[in-house]
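Have a look at these structures, which come just after this line.
Okay, so subunit A shows up in both of these, paired with subunit B first and subunit C after.
The block that comes next holds the complex of A and B.
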């Protein structure tokens, strides 16, 4: 699945919900309102990273700002955060 | 110019093709073309950010956002063929003249590594293969005149810059310079308070006390400033937030969810107060707490050398990838490495964005800094 495949369209659009994604420094913020809640968090993270033009050579994860935990990559995002939640798009990489 | 490289550790997806520039990979300098990787707008964000810093922010124009800078990309041709020695980014200067900044092929190493990863995935390159890369331009796309380059993100809201208005010259007069002599042209000004520099070194070297040693570090927190007299732009690092609850090994430091959560909580608390509202994360520091060259003894002529140049102070590929990911579109980004040389002496170096990559640079140390009174 590519990042662009995750956009809700047609009958699935009513399943979309809104959330706010920020980068880890809190400098850039993206409002997302067109992704299906049934999409796995990993696909949503890739889409958010793509829309924020973040580098594609590192894996990305979403961190729920209210619980401080990473969303489970394989679980639908709608099962892990509530509408209007704030998440941080976080690189899963390390200093070396 | 052809540059050697080796395969990095990670893969990457293909980006939308740019009709103007590509990176060409070869297994030998004069060998056949192994891969041709398009250079897309996203690949040039670090270079465009640097252009914004150097030509807008450092000339007193802190009101123009990165997205608002009109940029043209123009190849620097090596001759009559497709090969390029680099490229120029151009934008209108404050006085109406076009300003330009040159970038070398090294600024596109990440594109070459992406192509190499793809070739490795297809079995056309092995892990220890050395490859060579150079820039090629597409003549049919009007390479001579260049073309507009758009890296704007209309959907993304960016925190306003709001730099502090602080005169630079008085700070320089009372500051102590550290690091390499000033390059030409000089990089944007970076100051540390003495307390912040000590804190950076302390948390970076904390991992050296572990058995075996591990990497430790934190984020650099400071103010962005604009001089009302000269118009120049600079940063003052006043605090270091240690990366707590991080995953540490001898050669890596990974921030966990708890690490980031604490950092964000502290930053939000700082930004709620008027005096510290302008604070932001401007870089990272960490320790390379290992002896270089796998602990090999110093060179045979070590005793005759004044300075040991074999050091663990360098920006690793992981460090660069981390900074690119965390400080996207933030050209003031810093990377401070504290390490050791082959004589087991302490060494350190600050790295900042130049030529679209992190290169060592100098900085200044202030005994104190009051953002309201200086």
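The block that comes next holds the complex of A and C.
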């Protein structure tokens, strides 16, 4: 028995979405091309923070660099930015 | 006196097993009916067909089919069997609803569901349940936490989708695309990882479909009284499986990562 038969393989299973993320200092730049456009922005922000080895005890948010608008955490990233967009990952701060 | 009728049920949530045709099986332990065996242990009722089917392509087996049947590997790939597992906790709510109506134990409906979806009895994508339909979408969504369909693990993330149509209710997670040009060593390792994942956790299926690796649960045809309790349990199981396989699978399908060990054939413990 073959452990895995991929002969029936067709097109890929994911709707991968490409964008470029930078941290607020501009030190880290990361091209992301394997995340689904349907992922909520909050999950994308935490995943990007993981890949940049940013602290995991900080709430992170994404900001669209072309508009400076913060992405809505609960909305799919593909509904908020266009492919190949540049976003900045920033700590979420609450100014009192 | 019928000895089967006198045998106590292994768990009160299952009701009187004799009334639905199950009798104690001394030789194998558990219970059996004309066509299925039942084992009850550790909070789960596990049904399996008395006549096993040979699964020629295990990592495609049952994917996309309605119901909870899954393929399990034992002793590597030397032995396999299909099982239909139900958490007893999901029966409690259903039985409480049934008690209000004076109806039969809901496990009888679960067994009927297992029979209707037994391997080979339903072609993928075919309607098999007459007038069954899932509860309204908003009701189903209300049974799940907001972030239930998002899984993150080790710098990776996946978004699942709730499949809700007139005669289907399922949750699917795309794990990774599976490139056509994957070498034999990586394919073998991938098979090992996916087989392990499916055999370690209950309820979820993991395998190859449409050129990608997918994890899923399918509650199509589930008795309505158990759905509310069963869906969150099944989605939790699915999330565990996805989180567990995500990193090794992503590594194996990413051919830009050189790995000498990936060219070796995995052994089976």
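Operating definition for what follows: the second predicted complex is superposed on the first by the 78 of 96 C-alpha atoms of A that agree within 3 Å, B and C clash if a C-alpha of one lies under 4 Å from a C-alpha of the other, contacts with A are read in each partner's own complex, and residues count from 1 in each chain.
In this text, a contact is a pair of C-beta atoms (placed from the backbone, for glycine too) under 8 Å apart; a residue touches a chain by one contact, two chains touch by 3 or more.
From a predicted model like this one, the values you see are computed outputs, not experimental measurements.
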Query raised in the report: In the superposed arrangement, which partner chain does A:35 touch: subunit B (first), subunit C (second), both, or neither?
Result: second
Requested in this report: Based on the superposed arrangement, let me know which partner A:93 touches: subunit B (first), subunit C (second), both, or neither?
Outcome: first
Requested in this report: Quick one: classify A:25 as touching subunit B (first), subunit C (second), both or neither.
Outcome: first
Requested in this report: Identify the partner contact of A:51: answer first if only subunit B is touched, second if only subunit C is, both if each is, neither if none is.
Outcome: both
Query raised in the report: Just subunit B (first), just subunit C (second), both, or neither: which does A:70 touch?
Result: first
Query raised in the report: A:43 contacts which: subunit B (first), subunit C (second), both, neither?
Result: second
Requested in this report: Enumerate the residues of subunit A that count as touching subunit B in its complex and touching subunit C in the other.
Outcome: 2, 51
Query - Touching residues (chain side subunit B, partner subunit A) in the complex - result: 8, 10-13, 15, 42, 45, 110, 113-114, 117, 151, 153, 155-159, 215, 217, 247, 251-255, 257-258, 260-261, 263-264, 267-268, 280-281, 284, 286, 316-319, 321-322, 324-330
**Report entry** Touching residues (chain side subunit C, partner subunit A) in the complex
**Finding:** 56-60, 77, 146-147, 150, 152, 154-159, 161, 174-180, 182, 187-188, 190-192, 194-195, 208-214, 250, 266
**Report entry** subunit A residues within the subunit B interface of the complex
**Finding:** 2, 23-31, 51-58, 63, 65, 68-70, 88, 90-91, 93-96
Report task. Under the touch definition given earlier, write down the residues of subunit A that touch subunit C in their complex. Result -> 1-6, 8-14, 34-36, 38-40, 43-44, 46-47, 50-51, 74, 76
